[in-house]
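Look at the two complexes coming up: subunit A is in both, with subunit B in one and subunit C in the other.
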Partner chain A sequence: MNYNWDWGVLVREPYLEWLTSGFTWTIVVSLTAWVLAFSLGSVIGIMRTTNSNLLRRIATCYVELFRNIPLLVQMFLWYFVFPELLPQDAGMWVKRGMPMPEFTTAAICLGLYTASRVAEQVRAGINSIGQGQRNAGLAMGLTPAQVYRYVLLPVAYRIIVPPLTSEFLTIFKNSSVALTIGVLETTAQARQIEEYTFQGFEAFTAATVLYIIVTSIVMLLMRFVEGRVSIPGMISLGAK
Partner chain B sequence: MFNNFDGKVVLDNLHFLIEGMQTTLLLTVVAIIGGLLLGTLLALARLSPFKTLSFVAGTYVNFFRSMPLILVIFWFYFLVPHILGRPVGGFYSVLVAFVLFEAAYYCEIMRAGIQSVRQGQIYAGQALGLTYQQNMRYVVLPQAFRNMIPILMTQAIILFQDTSLVYVVGIKDFLVSADLVANRENRILEMFTTVAIVYFVICLSGSLFIRRLQEKFNL
Partner chain C sequence: MIQLQDVSKWYGDFQVLDTCSTAVSKGEVVVVCGPSGSGKSTLIKCVNGLEPFQKGDITVDDVSVGDKATDLPKLRSRIGMVFQNFELFPHITVAENIKLAQLKVLNRNEAEAGQKAMQLLERVELADQADKFPAQLSGGQQQRVAIARALAMDPIAMLFDEPTSALDPEMINEVLDVMVELASDGMTMMVVTHEMGFARRVANRVIFMDEGRIEEDCSKDEFFDSQRGDRAQTFLSKILHH
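== the complex of A and B ==
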């Protein structure tokens, strides 16, 4: 294997700047998508545990729809197909008019996709508490909304901290799929450096190290959080 | 909108699309087999009493699990020809990437499966006078495997979806074939909708089948 090592390429301009901007995009896309995934996923997950047949069915359809189409295909659907389905003016706006079309599309797509996975975790968390607590709440005269707010959810979220952590790490890794519609995040920049300089080994190592650092920090942080919020005597459960 | 939807373009290029789907399936099957074999070895290594062995396996698994699949694909697409010193074609590089990447996930499934067999079962086997191999062969592994089946199959569906990521290096799988047709015929709407429906039908049938299996055999 003959290869001209040149680690210096990573600190030379403009490549250093490419990497930092790529890393920033990775973080921004992941966090934006996570906010959407967490809030929507919670709503869908709760809907799947309610007594209403209609709500349950809608939520189930959502989860099955978004889970069974590859993320990359969803990315293309939102970016290429969705604007075609809108009236012409609105379609043009989505394509070019709205601020940062690639970023916005990627974050929304990633968020909607991950929401289906978060929903499954939330549902598993609520179901693992058991019918007894729900009945006890209702028997005390709480409304169903109050049962969720004061009885079920506080326990459910504490139980599902570990699986939610891994969902967050998944969203963070999946943010690389955004490169297919032109968001220049970490992986895309590493690839671009390889194409410009032929120093693929150095470029990909830099990207790998960045991903590993963030993963490790999140895991350490969440291990601390898990310790603080875990419920004594309860083994945490996650949906698969 | 859908009023100028032209389904004919899909039928005209059906042969081309089927060829793409064959590549996708080939990639999926080889990655499953390779990933399972390597993953089982890794799981045994992780559970082995030799500290070095389990440390190496653990590091391998954590390393691959903290990287996005696209980055792994890029890595091997770049690395494999360099190591071999000659071009081998993208398909084989990507195959290596998938096997090594999936092995990390299969290892974790295997490990959880083996650990899901209760300690009492192992003691019972020992009390009956079974040797370590007999205990593994007749008591632990059959139960472990039974517990793992649904998760292994779910992972296969995830893998089938993930193979679409070979798009980034232009291997002609199902999605890339459809993309080529879409751009050639200027029929983006029709082609991508078809791709989504095909993936959806296959994956949904798969997961419904798994659920049926779970209910029937009480897994």
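== the complex of A and C ==
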């Protein structure tokens, strides 16, 4: 194979700067999307466990809609189709007026998509707790909202730390889809370096290593979180 | 104190409770027994509105449970309930379990709630376990904490749903002892249990349920001594031979 290895390309400017900036965008898109996914996903997940038929139905529709359309398609829909559906002025603002339209669209789209997955985990966590705990809370005079706040959610979130970790990891990987609407994140920058220098192996190896670093940090962080929130005397909450 | 008037309840087409009427007056201890699936748990959960019912009326201290306008959380805070599976909250300590509703429902301050918790833990002889988590206690200890947690709200009545049937035999008595003491202190109690020894010692009345109906509702002496409906007889002989 006639390939001219040149690892030096990774530390030369402007390529080093491209990678750094790409990596920063990966982190920023992912974290912004996660904040949205976690908060909205929690609300939707909780709605699916309430007694209200209407709330349950709305939440179920949300989950089915966002979980079943491929992320790439959602990205295109939000970026290309959604602005056209708005009144002209609003559409223009979404396309050009709002700050960093590509970033904003990507973060919101990824957040809404991941929210549907977080919602399913939250729902599963709450449902695994069982009616007995709910009844015990209600029986002592707590309101349904207080039962969620003090009884169900503290345990449900502990149970779902592992699946939430995996959703959190997935959001970093999925953030690469943002390149399709022009966000210059890690994968996009690696591709650009490849186009400019033909050192594709080096560029994509660097990208891979960056993703692995993020993954490892997240895993360590979550293991720490899991240790911090574990309940003395309980081997496994999920097994109940 | 507790009045049930022709209470009926259905799960879809299936009738779980069939025109149940009874009353528990202040200071009275009523034991509810009957075969599995006869509706005992459902009946007792209707009393504090954990289960809705379609017909009839239940009043507790003259407040209607079925009335839409009733502030159910407030009413429930005045009725203690103890469950078969203890239902302590696993993520907080024993003391915090007893303080939670005092703080969030009765708006007591931290010091008051803490003091009450310790006082009740002493009463159930678990003061030394205050800072442990529920999973670190035995079943019998957990159930005593659950009783203390209910008492912390200064309830006007206590409901028990098979409080000892999830316990190993050697732990049953430590829980029954607490309940006997509670009864002799004059607490109004409605107790679903198959512990006929307990019924003999402290019950004023015994209710026998079968297929959603109250088949027997009589004084303890009548229940244990006289001739009764066949099913109560058969059922009783079965559990007494255990």
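Keep in mind that, in the parts below, the second predicted complex is superposed on the first by the 231 of 240 C-alpha atoms of A that agree within 3 Å, B and C clash if a C-alpha of one lies under 4 Å from a C-alpha of the other, contacts with A are read in each partner's own complex, and residues count from 1 in each chain.
Heads up, the rule we're going with is that a contact is a pair of C-beta atoms (placed from the backbone, for glycine too) under 8 Å apart; a residue touches a chain by one contact, two chains touch by 3 or more.
Note that this is a predicted model, so its numbers are computed, not measured.
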Joint occupancy of subunit A by subunit B and subunit C, clash or fit: fit
Is A:Tyr150 contacted by the first partner subunit B, the second partner subunit C, both or neither? second
To the nearest 10 degrees, what angle do the lines from the C-alpha centre of subunit A to those of subunit B and subunit C enclose? 100
Touch count on subunit A, higher of subunit B and subunit C: B
Between subunit B (first) and subunit C (second), which does A:Met140 come into contact with in this model arrangement: first, second, both, or neither? second
If we overlay the two complexes on their shared chain A, which of subunit B and subunit C does A:Glu84 touch? Say first, second, both or neither. first
Per the contact definition in the header, classify A:Lys95: touching subunit B only (first), subunit C only (second), both, or neither. neither
Given the touch rule stated above, what does A:Tyr3 touch, subunit B (first), subunit C (second), both, or neither? first
Classify the contacts of A:Arg158 with the two partner chains as first (subunit B alone), second (subunit C alone), both, or neither. second
Touched partner set for A:Arg56, first subunit B, second subunit C, both or neither: neither
Taking the superposed arrangement, what is the smallest distance in Å from a C-alpha atom of subunit B to one of subunit C? 21
So the subunit A residues that subunit B and subunit C both touch are none
Contact residues on subunit A for subunit B in the complex? 1, 3, 64-65, 67-74, 76-77, 80-81, 84-85, 169, 173-177, 179-180, 187, 190-191, 194, 200-201, 204, 207-208, 211-212, 215-216, 240
Seen from subunit B, its contact residues with subunit A in the complex are 1-2, 63, 66-71, 74-75, 78-79, 82-83, 85, 150-151, 154, 161-162, 164-165, 167-168, 175, 179, 188-189, 192-193, 195-196, 199-200, 203-204, 207
Subunit C residues touching subunit A - in the complex, by the definition given at the top: 45, 48, 50, 73-74, 76-81, 83, 85, 87-92, 100-101, 104-106, 132-136, 149-150, 153
In the complex formed with subunit C, which residues of subunit A make contact? 132-133, 135-143, 146, 150-151, 154-155, 158, 231-234, 237
